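One structure below.
Chain IDs A, B, C and D follow the sequence of writing; residue 1 opens each chain.
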Amino acid sequence: MSDPLLRCHALTRRFGALAALNGVSLEVEARERRAIIGPNGAGKTTLFDLITGELTPSAGHVEFAGRTISGLPPHAVARRGISRSYQRTNAFRHLTAGENLRLAAAAGARENFRLLAAPPPPASTSAAVREVAHAVGLGARLDILAGRLSHGEQRQLELGIALATRPRLLLLDEPTAGMSPAETQRMVRLLAALPREVTCLIIEHDMDLVFTLADRVSVLHHGEVLAEGLPAAVRGDPRVHEVYLGSGGEA
Amino acid sequence: MRSARRLALAGLVAVAALPWLVGSYPVKLAQEILIWGIFAMSLDLLMGYAGMLSFGHSAFFGLGGYVAALALRGWSPSLVSALVLPAAAAAAAGLVVGFLSIRVSGVYFIMLTLAFSQMFYAAAFNAEWLGASDGLPGVPRPRLIGLDLDRTEVFHLYILAFFVLALVALARVVRSPFGRVLRGVEDNERRMVALGYAVRRFKLAAFVVGATIAGVAGSLEAQFNGYISPEALFWTTSGEALLMVSIGGAGTLAGPVLGAAAFIGLQSLLSSYTEHWTLILGAAFIGFVLWAPEGLLGLARREAGG
Amino acid sequence: MAQALNGLEYGMLLFLLSVGLTLIFGMLGVVNLAHGSFYALGAYAGIAVAVFTGSFWLALCVAPLVVAGVGAAIERSCLRPLYARGPNAQVLLTFGFIYVFDDLLRWLWGSHVRSVAPPAALAGVVALGPGRFPVYRIFVILFGLAVALLLWLALERTRLGAIVRAGVWDAEMAAGLGVNVARVFTAVFAAGAGLAALAGVVAVPIQAAYPGMGVEILVRTLIVVVIGGLGSLEGSLAGSLILGQAETFGKAWLPDSSMFIIYGVMAAVLLLRPTGLFGRALR
Amino acid sequence: MGLTRRRFLRGVATTAAGAVLGGRARRARAAPAPLKIGLLLPYSNVYAVLGESITDGLSLVFERAGWTVAGRRVELIKEDDEVNPQVGLRKAKKLIESDGVDFLVGPVSSGVLAAIRDTVHQARQILIVANAGNDEISRDRCSRYIFRASFSNWQPNAPMGSWVAAHVAKEAYLVAPKYAAGFDMMRAFKETFVAAGGKVVGEDYTPFPVNEDFAPFLTKINQAAPKVVYAFFSGSQAVRFVRQYDEFGLRARSKLCGAGFLTESDVLPAQGQSALGIITGHFYSTLLDNPANKAFVRAFRAKYARTPDGFAVQGYDSAQVIAHGLTATGGDTRDKDRLLEALRGVEFDSPRGRFRFDPRTQNVIQPFIYVREVREVDGELANVVVDRIANVRDPGTGCTLPG
């Protein structure tokens, strides 16, 4: 394999005296599906925020496709091909699902600055939107306001928005948070069907999902990487059991 | 949709016919409503569409007025003086003020825009060559080929033409892909950034467009009154426009115009009957904020929707 | 030197006025544009009490309580439904109250300028080197410092203070502490209104009272709070002192540009530190 | 107030009824049309007090005449200009075009007057200025349709310049708010003060319209230790300035003199003892000992239960100008030239003395500028006349009215 697609180098982020992330180094190959697990407060979401530029690292840096992206504003990071979904649905509540997807798909489009351009046709007629909507199972719900969708559908939309920007790297923050078992099953199927070109980094608590989807697993604990390896190896690691699986019962 | 357009068209025809139907004072009230309607719409582009609550929009209104007054008085009574120069000046000022203000957000944005407009006010108030506290009187109306703008009905149609122009242009802008981006920013700015939108640039573009149109409205106000004074720049002028937008319905184009009509109507009619009209206005406004955040237009829609 | 003292006194008055605004913002996230109206209401209520009882000191105690009550009522009835709707709706609501209060004051007390003399104990001037300085203004400085100290102690050393500080950082966290957040919100808003009224009463012997006084001072108060950083007690104090000095020296030495100075100071601070001197990046 | 409002409402009702019952109204035309007077004054905002005072003074004249002048029923239409030029202009247009008033009376603010001047002139609308003192309206922006029954800013101040130099001291520090009226007044004072050998040792223009704290200026004055401080402030700023002047202990050191507005009755009670000893120049004092004033003060007190001030006199005289002018034309307002001529010629006994216009500027010739000192009279503060300067007329430079 060539150089990794994403390389986090000794990333540290402090909030006052508290180090949310402390010297985390991580490499993710292109086409890989990596799960990030760890107890609450382990620094998982902070890691995502540092990768996307929403937070700046106190020390260390992030490289993407061979170039340093730390210090770039978040929108520029996104333009490089990194997209994320949020733990709590973070869609455009007052726009339709279709419009949500189109906004995501149109990020960076030149015509966004043509102030007097003709109004575009309804979002549901756009091929790009339909394709993503189909991929996340919202093909029939495009004209509904995002705020009116069911919880499960909102999570699907969340994924769709992240996907619609056609990212090279997709960061998924607990895609099944708050879902019923049935909804979770559906989400797992959707994720499994994602094209391999999209490299994924998934924060997840649902261990079944982790072991179904992930190629490799990284375990964060107290802001540091505790263990990393194939799912089976991690599952067998006694330290992981101690800090996470054993005490948790969250799955 | 089609019926709404038909309604708007009928309304426009009725407004255009006013000088031949009613006395000269109601016509002038209508003209003032049109001018303030343009101003309020331009503010709504920032407030209702891009989520930027600016208390400094009066800076561009007043600037347009002053530039038009200076150019019409001292240079040439032409459309260049009445339209091009005020719009250009307001756009340039909007670019600078917007660039600096958009770096901050929320309350700080409100305060920074307010501070900038107060600086414009202080500048005009202190400038002897701008007439200081008394402002600039004797602003002539421009001369257009064969049109006598000093005649009420001609001036009425002239203002209406500007109004329609602003309305059509803004309607086009808010429906364009650009307008959709603004909607997205208004709805969820953080997500727009995460999706890769250079949000500040879009906000700045909206700010400049709003400033430009406000400048044109200010120019019309100066031509309408034959006069411009520092009060046009004062922050409460922005506040009044904000009231208009909120009363009428933010995030729509008809709303601000409706709000302008309601505000000016109340101010002109109610104040003849009671000294306490500000109390009534304030209470009505509070009522709208609490119970009808979509404004008059929203109320009408709710009514129509059953 | 004498001018620095003038600046200090003016700054203290601004502090009394702005600290309530900043507390309200810090806890509730509300920019209360009607804060100036509370100031005016306090001034008028103070005059009413002082005239009725003949005691300035009683006015200083009673008027803030009355206005705090008004503040609590407004918070409960009008602001509470808006917390879910974001800051713009709240700003607009309080903007509406400016109109209402402006007119109510005129209705209740007429448009005449009113004033009361400072209490006899604080009349007169003291010699300070070559200059002279009014005793009452020294009182204002000391009073402002005392209020600052008391507030600091209240915030740092009491349970309510801890809750408010927690609320400033994170309302959800405060709720997690098992606190009735709604009640704390009301209390903080009332306290902020009461502080504005306190400033109003203190200001009356120097500035007199008339219905438009609240709107006139509002912009300055907002500038103080923004310079200092919204939600910060220290920031409010620092902002007041800076603005007091800037405005005093501006008037004395650069009268032609004194109107720009305060706005210039504010713009400069915001451009260099977008959240003010003591502000935090959140919100 | 209430009465005029009701009267106004009744007026509206009758006009509306007239419009509906067109035929009958026309037949009833035997009775002349009502005389419509539009009052463009602040009824809200800081200057509401002045608006009320002017309205009260004006109402007194018509009340006495049974609300009929030269056979025509008087109808007042009040509009609030909010001291905002934009609003004032809109209301002026309303009064002129919608109500078709015969006379416009107002405004208080010089900003509003500057704003409406061209509109009034072009509409050939007769305007009786009841307060705003911008010199320019008697100078290069004068109009044959504008009469001023109040004062020009120059008038109270120029006589004070020579008087202060002669009677108080020849070393003065000037303070005024930084806007047109402040500049007008200080210019007029300086002109005659310097000519009389006076020396201006300092000059400050304070922020306007908002200024809470005069301390920086008072400290400067304290350091300069001038013999006289000459000031112009009005309304809330007059209260603040006078109070803070006293607070800083300057009263004992530097004599405070100024334009009459500094200590008018609208602000005197709030100034309290701090105002004692202040010397001001004004065209009026409540204590003037002449029959017209005695009658005026008695009537005003009886009706409104308070002491009238200069602003009430301005309203009172504006009404008298209208009444006398109209009587001269026999109630006719159609023939504008004739009416204008009649107005230019009005002459009557005003509380301030014999009232007449300067035909060159159509600005009132002040019969006297009274030099007044604030003293306690019968337990109440009052402006006691200590001297007077006769026949003060504005220079009218640049005004080209025939006359």
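Everything that follows uses one rule, which is that a residue touches a chain if its C-beta (ideal position, glycine included) is under 8 Å from a C-beta of that chain, and two chains touch if they have at least 3 such contacts.
Note that the structure is predicted; figures quoted are calculated from it, not measured.
Trainee: What is the set of chains touching both subunit A and subunit C?
Mentor: Both-contact set = B.
Trainee: From subunit B, count the fewest steps through touching chains until subunit D is reached.
Mentor: 1
Trainee: With centres defined as the mean of C-alpha atoms, identify the chain lying farthest from subunit A.
Mentor: Looking at centroid distances, D is the chain farthest away.
Trainee: Suppose each chain is reduced to the average of its Cα coordinates; what separation in Å results between subunit A and subunit B?
Mentor: About 42 Å separates the centre of subunit A from that of subunit B.
Trainee: Using CA atom averages as chain centres, what separation in Å is found between subunit C and subunit D?
Mentor: Measuring from centre to centre gives 37 Å for this pair.
Trainee: Hey, how far is the Cα centre of subunit B from the one of subunit C, in Å?
Mentor: 32
Trainee: Where the centres are mean C-alpha positions, what is the separation of subunit A from subunit D, in Å?
Mentor: 73
Trainee: Which residue numbers or ranges of subunit C touch two or more of the other chains?
Mentor: Residue numbers touching two or more other chains: 103, 259.
Trainee: Multi-chain contacts in subunit A: which residues touch at least two other chains?
Mentor: none
Trainee: Using the touch definition from the top, which residues of subunit B touch two or more other chains?
Mentor: Residues 125-126, 278.
Trainee: Can you name every chain pair that touches?
Mentor: Listed by label, chains in contact pair as A-B, B-C, B-D, C-D.
Trainee: Using the touch definition up top, name the residues of subunit A that touch subunit B in the complex.
Mentor: Residues of subunit A touching subunit B: 52, 54, 73-76, 78-79, 83-84, 86, 90-95, 99, 102-104, 106-109, 111-120, 161, 165.
Trainee: So in the complex, which bits of subunit B are touching subunit A?
Mentor: Those in contact with subunit A are residues 169, 172-173, 175-178, 180-181, 183-184, 187-188, 190-199, 201-202, 205, 209.
Trainee: Which of the residues in subunit B come into contact with subunit D in the complex?
Mentor: So the residues of subunit B in touch with subunit D come to 23-26, 28-29, 32, 125-126, 131-135, 137-138, 221, 225-227, 229, 231-232, 267-268, 271-273, 275, 277-278.
Trainee: If we count contacts the way the header does, which residues on subunit C are in touch with subunit D in the complex?
Mentor: Answer in residue numbers: 2-3, 6, 9-10, 13, 103, 106, 110-115, 117-118, 124-125, 130-134, 136-137, 203, 205-208, 210-213, 216-217, 220, 247-249, 251-252, 255, 258-259.
Trainee: Considering only the defined contacts, which subunit C positions touch subunit B in the complex?
Mentor: Residues 25, 31, 78, 81-82, 85, 87-89, 91-93, 95-100, 102-104, 107, 215, 219, 222-223, 226, 230, 256-257, 259-260, 263-264, 266-267, 270-271, 274-276, 283 of subunit C touch subunit B in their complex.
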